[in-house]
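One structure follows; several queries about it will come next.
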Amino acid sequence: MIDDRIEILATDLSWDEAVKSVSDGRAGGIDVFLGTTRAEKAADGRDLIALDYEAYEQMALDQMKALAARAREKWPIVKIAMLHRVGRVLIGEPSVVIAVSTPHRADAFEACRFLIDELKKDIAIWKKEVWSDGSASWVHPGQGQGARGEGQEE
Amino acid sequence: MQVTARFFAILKDRAGVAELILELPAGATVTSAIELIVKQFPAIQSDLKRAAFAVNRNYTNTDLVLSDGDELALIPPVSGG
Amino acid sequence: MIDDRIEILATDLSWDEAVKSVSDGRAGGIDVFLGTTRAEKAADGRDLIALDYEAYEQMALDQMKALAARAREKWPIVKIAMLHRVGRVLIGEPSVVIAVSTPHRADAFEACRFLIDELKKDIAIWKKEVWSDGSASWVHPGQGQGARGEGQEE
Amino acid sequence: MQVTARFFAILKDRAGVAELILELPAGATVTSAIELIVKQFPAIQSDLKRAAFAVNRNYTNTDLVLSDGDELALIPPVSGG
């Protein structure tokens, strides 16, 4: 039975819970990635104060489950946890937590990296930048908007 | 037939609508549904150019023929993570 | 000021504390690696029940600090936490926790991987396998002993 | 002069000693200290072949001339992580 933990949450993400949920005696290594809101200052002096996340939840959860299944085809994974926030994520707080346990560490690193890279490509989730002057703008990669947060710049 | 249209992120903001129920003739495609939506919400036209579409929570191309009860989602470029 | 958290501990490692200590508004990504004791069964049916870790603590701490400094030369790191256990580490429990925060995620993954790979090479820490029949044997890579735990097989 | 020798892991178990203070002549090297140790603890001889040595918590080669108060550590192949 695959008991991966895949959730979209409106409350603070618990990386502690994520690690516990993938801990397993069959695993020798666990890799955990947290994507966090990075402080930014716009050219005109405004400060980023938060990212607001919105999800098409039913679709995003289906996509995250399919993504976990793809990772399982590529690496000998013991357990996966993928948690994503919706709502406001303040500077320094995590918007996404991915944890992967595997028998050997190389696979944990590779699978975790794959999961966050792919999650950013086509999962139905969007972020909006919220600035200190009250302005806000959606982040849509490639639209020439100022890219902020972990995801846009890589 | 009836198809539910859902708007997300910038498309939701531009349209001022999160969800609506379209009344479509039998045989209508994603393209014809989108044309109807653009008539009602011209403000989304430029952003729609970069949007993808999902029917019943799977990405689809615009040739797909819709069925009664389908959920059509307008998906701007994603930015999760 | 560099306030990396580098410790050798005889008590359970708190990955929660490790993540908190590297969380920072300048970071967009945090990668965390946990090395955990993996269950093993010997050819003769004995079960591994734990790994006992011993450290030359003063030297190992100096080495871990030097290793963190090497990582900082290679990647734009915000903060590092490196925690290593001594004493008995049961199946599924972590013997080492490494957390790295960076502005962009690729650097966090690479730096974290570098730190665990290098830590295993020359830090003055040793593990002993403890088996269900009461036998125990030191793990010394390359000596032809059955390699167990996360570290030996990769 | 006096040099503290420290034993770890398998070398500690084989010698049955964690630490001892050697009395050495001035000019003694790591090699001469090790020879003295092997005479007292022949059980460690085979495992010593794969050991490294540290003086004052830095890896060193065996030519190093020891000083009074130095700490000499016998380091079997490490297996942390």
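Things to note:
Labels A, B, C and D are assigned to the chains in the order they are written; within every chain, residues are numbered from 1.
Just so we're on the same page, a residue touches a chain if its C-beta (ideal position, glycine included) is under 8 Å from a C-beta of that chain, and two chains touch if they have at least 3 such contacts.
Only a predicted model underlies this, so the values are computations on that prediction, with no experimental measurement involved.
Averaging C-alpha coordinates per chain places the centre of chain B 50 Å away from that of chain C.
Between the Cα centres of chain B and chain D there is a gap of 75 Å.
Centres computed as Cα averages put chain C at a distance of 26 Å from chain D.
Among the residues of chain C, those touching two or more other chains are numbered 35, 116, 149-150. Within chain D, no positions touching two or more other chains are listed.
Chain contacts here run in a simple line, from one end chain through to the other with no loop closing. Contacts between chains, counted with the stated touch criterion, involve the pairs A-B, A-C, C-D. Contacts from chain B toward chain A in the complex involve residues 6, 8-10, 12-13, 50, 54, 57-59, 73, 75-81. In the complex of the two chains, the chain A residues touching chain C come out as 15-16, 19, 23-39, 91-92, 94, 101, 103-106, 108-109, 112-113, 116, 149-150, 153-154. Every residue of chain C that touches chain D in the complex is listed here, in rising order: 35, 53-56, 58-60, 62, 84, 95-96, 116, 119-128, 138-143, 149-152.
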